[in-house]
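Chains: A, B and C, in written order; residue numbering restarts at 1 for each.
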Amino acid sequence: MTSKQIQTELKANGRGLEERLAALEAKLATIEERLPEDRVSLVVFSGDLDRVLAAFVIATGAAALGQNVSIFFTFWGLNALKKKRVLSGKRLMEKMMALMSPSGSRSLPVSKMNFFGVGAKMLRTMMREKNVSSLEDLMQMARDLGVRIVACEMSRDVMGIKDEELIGGLECGGVASFLADALKSRATLFI
Amino acid sequence: MTSKQIQTELKANGRGLEERLAALEAKLATIEERLPEDRVSLVVFSGDLDRVLAAFVIATGAAALGQNVSIFFTFWGLNALKKKRVLSGKRLMEKMMALMSPSGSRSLPVSKMNFFGVGAKMLRTMMREKNVSSLEDLMQMARDLGVRIVACEMSRDVMGIKDEELIGGLECGGVASFLADALKSRATLFI
Amino acid sequence: MTSKQIQTELKANGRGLEERLAALEAKLATIEERLPEDRVSLVVFSGDLDRVLAAFVIATGAAALGQNVSIFFTFWGLNALKKKRVLSGKRLMEKMMALMSPSGSRSLPVSKMNFFGVGAKMLRTMMREKNVSSLEDLMQMARDLGVRIVACEMSRDVMGIKDEELIGGLECGGVASFLADALKSRATLFI
């Protein structure tokens, strides 16, 4: 073997492996992009106290475990984000909808055994007796833990819900905004 | 170093790396199979207009983002896929079930404030006023975007729903068909 | 080229590839940890017969396909895990809650057309006529297939549900226990 042959062989040898390595590195990069991130995305469609509570228990739990959490509130779920009822400047049906909907988290009904609000009061009392955080405490905790709270624009628009009716610190977004998070998530739930 | 020694060393060197490369390539192939695909799978269990609307907004949004979307309609969700009511040839309880269920997407109730259909009419009117697509438009859009619409065989069988009661272009499938999609999906929701 | 030069080059050549290989191997190990496992996690929040049935159909289906399945029962979902009603030793509101809740899977209502239990009876009869497994059969099948059934500790505590009210063979756990499974799952559903 001449010195020249050796060098050629060294290069050929290296090049074959080199090319396969480069292919693997490229593939790994695309795989990494397709992996789920440390992320949990929830849709809160329901405006029932018990379901919204479940959503915030899961959201704060996941955030405490280091996950990026976002909750997308749509339809009746928006009632949990209200702070007061505004009627002026609304169309007739928007007014009716507002009058028949709870004006904030404190007046959400429960999904079962509500009996005109008795069920919700009872559930809140039972939770307090067992030292379980109230919905309002959980919502504050979620914000402190960096949970993103997004109000669905389309639902807001359809129901005519105004900015001044909603609590502060919310993001607004459409379904694309929900999907952007959901498609990269480890877990997605519709509540 | 003799020429022979060099060749041996070259080969040994190459073989070690070669083997590790081959192992990596094999591992990558199995990893790729375990990655979620660009896929979203929904179960629509509810037959409420508002929930079915939410399902189709998410489904069309995901399909527009390039995801393979399938919706598995089960239990009350099948009401959204009906086009008319058929009673002849049904058992007593199947007839009762048919008579108490909506006979198509246009007669679906809303989950809250339905008041014998007033709520559903109100929601449809409010959506039209804000130029939001109707459920029927969204369903057509979903089909145009290639969303797979699957009717749950077991539910159909239990409720005695006949072929001629359902809209065309549906697939029928069982839970295994839903799971086949769901297990490869980026996001799964039960609505 | 001297023998010394050749050996140096051989080593340098090998080392470059070697380092890139080691980096790839390390990356692959972290990627494998971030991949979803063969796992499905469900939350059963609802205590409606039809929804609990859907949960067990999906759970047994997934288990039959070789997935590790766990179901986390919370709020009204706990009613499906009861075997009898106990009132002694409960606070007033816990007693009221117990009296207004079903005392076991056999008395769960359906979410629509319940009419004081007629709907649930009708659904069970229709299922039997079509040889579809009953809820109790599906629950037994789930256990036989190794589905983990977890009762939510917080809900139990709030509602004052006692050990002797629940069927045997359950695990108890909090939201962290649900999330531990859910974050590694291929599919997650809130039912």
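In this section, contacts are C-beta pairs under 8 Å (C-beta built on N, C-alpha and C of every residue); 3 or more make two chains touch, one makes a residue touch a chain.
Since we're looking at a predicted model, the values are computed, not measured.
As for how the two copies subunit A and subunit C face one another, under half of their interface residue numbers coincide.
Copies subunit A and subunit B of the same sequence differ by a rotation of 120 degrees once their CA atoms are superposed, given in steps of 5. Subunit A and subunit C have Cα centroids separated by 20 Å. Listed for subunit A are residues 6, 10, 13, 17, 21, 24, 28, 31, 35-36, 188-190, each touching two or more other chains.
Those residues of subunit C whose C-beta lies close enough to touch subunit A in the complex are 1, 6, 9-10, 13, 17, 20-21, 24, 27-28, 31, 34-36, 41, 43, 45, 47, 74-76, 91, 93-94, 96-97, 100, 154, 157-160, 174-176, 178-179, 182-185, 188-190. Here subunit A touches subunit C in the complex through residues 3, 6-7, 10, 13-14, 17-18, 21, 24-25, 28, 31-32, 35-36, 40, 50-51, 54, 57-58, 61-62, 65, 67, 111-113, 122-123, 125-127, 129-130, 132, 186-191, going by the rule given at the top.
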